[in-house]
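Shared between the two complexes below is chain A, which has chain B as its partner in the first and chain C in the second.
And now, the complex of A and B:
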């Protein structure tokens, strides 16, 4: 029998099922061959090694930004700055990938580290404002996204741009800077290992160490944390540093793992997707793996569907919107929880 | 055949979203023209029941009948439209508005597009005369005493045409003298044909003015009684399911050296209003000093100054060798200060976190609690289980979120955490407010044990019974200063205390300065 304590998990599954049903409904309405299209959407992403590879490749940046957002949300900080940090750190890592001359072991490491540190430092700015003066982190982080994008684009256009290239892109990265492929037949790169290591490290940090305890208490009730003698200013700044580090690392890894030039002329959207991953993962580091894979799966499914049938991939935005809406709607399925509680309390059989 | 009750609640069940079952199968009926008491320990479900009657919460199950008609209130406005009014324990008034402005808020009589204040004042005066609730309609609410504010609340309810008045612990903030006045007013209202629901856990008061009593225990009704036919002992037995002794055999203990020394402590708020005036006292090892006073006379500021939350205060506060004024909370806690806060939901617990998480906030930094980088999980579980057993916390285990527990059990966790830290000084602010008698006794016993062990304890409470039973000596606070010091609490009566709390009976400064022991 289901128990009320598992309500959140069951609710997440229910939300996913409902949004999938809605996907089918939309497909059924607009497609000439609904069954075929649904089959493509559902099974094509796992139909070949290359497609499975696509799903995993796409999940890597989502893991980084998702993890970054989980840390912030868990501390009750509604910061959506991962987007700008992801982009800007990509620029920093690209610069090193283009201009530095290092051995093939050191080169990506240095580039990623530089991107991550940049992310951490930039993230600490809204963090410091929040901790010291209680500046709303949602507003300041969104502003920062615009600033970082503007500065990043300037750097791309005036410092890194390869005029020989046909598109607006940077010079080619040096071969030594690129991340190694780990599974032949796909583009899955060593960034996956790094992402998984980060996830386990954050899990350990959050649940097993005293600093993680301070983080969780600050997030759960800041007044309680302060009353207990926890320096919440320090906690909030630390969390911003770590979250920025992870978002920055994600941007650097994505650039070096998937591209040979820096070519984002608009924000890539992974930071905002990170918030969706965090919602699906219920702010749990380990669940970030599943949430990222799921999101990547339906995206790749939609892409393949767009290529192979008459339904456009934009359809998936509707599905995502429904997921966000239902997951953040606290009253959704609550009647059912109440019934469970009544049962557990022995009031009803 | 019995007449139809004015209001009837049948088989009401209420489950809160956090899983707390506040009411299960509750039945309640109210006859016209009576004063009906609802008594029960805190967490027994009284407030929840009242909130449902007043439309603030909807029952999960069950039905409600008003004069035989089935009704369903979606909001307090529905309840008001049906002649039900509620006087909340914490007043819902706009402090910067006048009495009249507060009373007519939301139902202003108009003249064209203007508010017709003349009419409003006339209405207010008429009502206050009719019900003998003397009040100045043009006074600002922030300048009124607590008792006066309550009158404003009652008028507010009456002017909206309420025939049924719900009073949620109306005497909790009143002095004994103000309470008497309130009772006279309630009797007058009853004569006028109003029906009153009186929520309280002060049995003496219930006996004094109520016609019938509904007793609640653990979310269920334990029966309805004619007040005249039951004794206080019987009521309290039904409330807790056992006999209650609110007498403690403390034994005498000679106090040791001074632990807390406070001298010339003063504080002005941003408006320059002095909230603490030259406070001075000491607490010695093994001594419990009580501070009594009507809420809002500087107790909160005093506690804040002692716990690191009032860095702007002037004067000396020292624990042992260490001055603590202006130091961080962590520094203050590190010199051996524990603090049971008044508002446990705001400060005392993190409600989504587990019981262990809530228990370990005083300890997790210690060496013994960490193995290298990792917190010692075994130690945490073992400690949590010990405390759950020792303090009889009713729960499913250390991993249960603390927000699922009842108020009393949550408070036990707070007390366990603060007391097991083995403090030199314990500040207990309303340690048993909103807690059932069983838990209150356990907490009091623990405070007395700590006293035996040489802890210095500062007890602040609005519950005179508690403060007179648990403390050794007593200070009374009024208007930001101490107005009375009683070195031996056994020689104080509730009556004396009431006069001192109202500022009517003030000792000389020299007498009060006796509270400083060198």
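And now, the complex of A and C:
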């Protein structure tokens, strides 16, 4: 039977099953053809190469923002600023993709790097406030999201906008700036490789370096870390820099990998989803891969369902909320763990 | 420029400060009561959205704004109860629980709006009701003060009454004392027989109640319809206002007014032909500045206290 040490894994699976059951329930209430709709939701994303491609494409930005949030949450910083950084870095990368003339290797590299550095520097502002004066990072980062969105939209409308385009979008990116496709028949781009590299790098940073140890110590107890000689101010600012760098890189990669113009006129939501990925991954960098794929899967399932049936895709946000509530619920299924522990110890209850 | 100053010093501007302040004040009161009990309700933003939508739908179907308001309040309190159940019973981290509420509200309201009206953007197809504005008899005849204070939506006056009510409750009633004791030191409170979980649950319900009033005001007073994500961060600004107000009722009221003024100023600035995208960020910029100023003075005060105790010892 199951062992108590695997309890966390079992619980994650249980939460996912419960949320899927809830999905079915909602579909059953709303849809005229519940069974067909559930089938679309569950199996359509793996029905064709193009759809599998869609899932992987969507998981790329989620990996970046998820990784960014993992670093912050692990340091016990509830910063949700990835959303605004993702958007604004996309604008910065787009500007370079439109205006600079560089060779085809250098161009996306420079654009992505510029976006990532912008993200890092902007993220450092609430980070500095938090580290220095203990400003509530949750509220300040959310305010920053709105500010960055406003400034970004201004740049889009007044500086980058192509009046000849039929939609509200920027000028076309130069061909040299676009990321290469790696799997024909899908739109999966080289950003996937970059995302995976980042994940391994963060894993190494977090578990194999002194800085990673300091980060985890600061996360579990800042006062204690401070007393044991760790400069927590520095740790918090560094974490914000790295997290902002990753979120910014995600925004730039997404823009150059999936679009030929910048066309977000509202926040794309990947930053908030990053928080969900981090929770599903239990703040573990390597688990971000699986968590992003899972979230992308149910997202694409919901999108396809909205297109092919009568249930709107926003249903998924209800399911997401339930996942967050249950997965972070310490006491949920705790009785089961206790029973398993007692059994393993040979005590009957 | 003169045009701009004419607007700034008009009674219309002062009137609009009160009008814009109302939802922020409600959110701030919600943050205050939950924070006093030591359990910060981060889900205010989402609660407001849910209540705003409930008010619109119910008032459209019943034809009565008051029934809409009643059910909007009920919906807000229910969301708070759900959050309380998960955080107190299942020990979900309160901040993550709040994030879940906001995520649910942001997508869930669009989902329900679409099911009810077939539109994902706004509730234009629903004939929803608005709550009445009050013209206060004697007050409205006084020059300057009259046009500023009279003629507001009924919920604006309710928000002011709530400030007084909350002040009285926290300072003078047994429940207020229990709430404060739980927030200060839950173990100590428990040791003298206060039921900590119950008090925190009640505080969450009250904070949901305030947020719900703020939400209902948004869709049945401030505007007369529901639009996607219409609260636009007011719940968060409320939380900031509570912090800047140093968790006191009066301070919270004053800082809400400050943020309301920033919001109203953003509307007035549009006369200067500054792009709307940039002007729209004003309330958020002011909020960040407010938070930083608050935090810096807090750190300085702590240092001064520390220096004093050291000096008295030696």
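We adopt the following convention: the second predicted complex is superposed on the first by the 344 of 349 C-alpha atoms of A that agree within 3 Å, B and C clash if a C-alpha of one lies under 4 Å from a C-alpha of the other, contacts with A are read in each partner's own complex, and residues count from 1 in each chain.
Heads up, the rule we're going with is that a contact is a pair of C-beta atoms (placed from the backbone, for glycine too) under 8 Å apart; a residue touches a chain by one contact, two chains touch by 3 or more.
Remember, predicted model here, so these are calculated numbers, not experimental data.
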Between chain B and chain C, positioned on chain A by superposition, is the outcome a clash or a fit?
clash
State whether A:167 touches chain B only (first), chain C only (second), both chains, or neither.
neither
Return first, second, both or neither, reflecting whether A:272 touches chain B, chain C, both chains, or no partner chain.
second
Using the superposition on chain A described above, determine whether A:229 touches chain B (first), chain C (second), both, or neither.
first
Quick one: is A:221 in contact with chain B, with chain C, with both, or with neither? Answer first, second, both or neither.
first
Which partner does A:213 reach: the first (chain B), the second (chain C), both, or neither?
first
More residues of chain A are touched by which chain, chain B or chain C?
C
Write out the stretch or stretches of chain A touching chain C in their complex.
30, 78, 80, 129, 133-136, 138-140, 142-144, 146-147, 150-151, 153-154, 157-158, 272, 275-276, 279, 312, 314-318, 320-322, 324-326, 328-332
Counting only contacts in the complex, chain A reaches chain B at residues 4, 208-210, 213, 216-217, 220-221, 223-231, 334, 337-338, 341-342, 344-345, 347
Counting only contacts in the complex, chain B reaches chain A at residues 13, 15, 17, 19, 21, 24-25, 60-61, 307, 328-330, 332-334, 339, 341, 346-353, 357, 360-362, 364-365, 369-370, 373-375, 377
Residues of chain C that touch chain A when the two form their complex:
42, 86, 89-93, 95-97, 99-101, 103-104, 106-108, 110-111, 114-115, 120, 232-233, 236-237, 239-240, 243, 275, 277-278, 280-281, 284-285, 287-288, 291-292, 295-296, 298-299
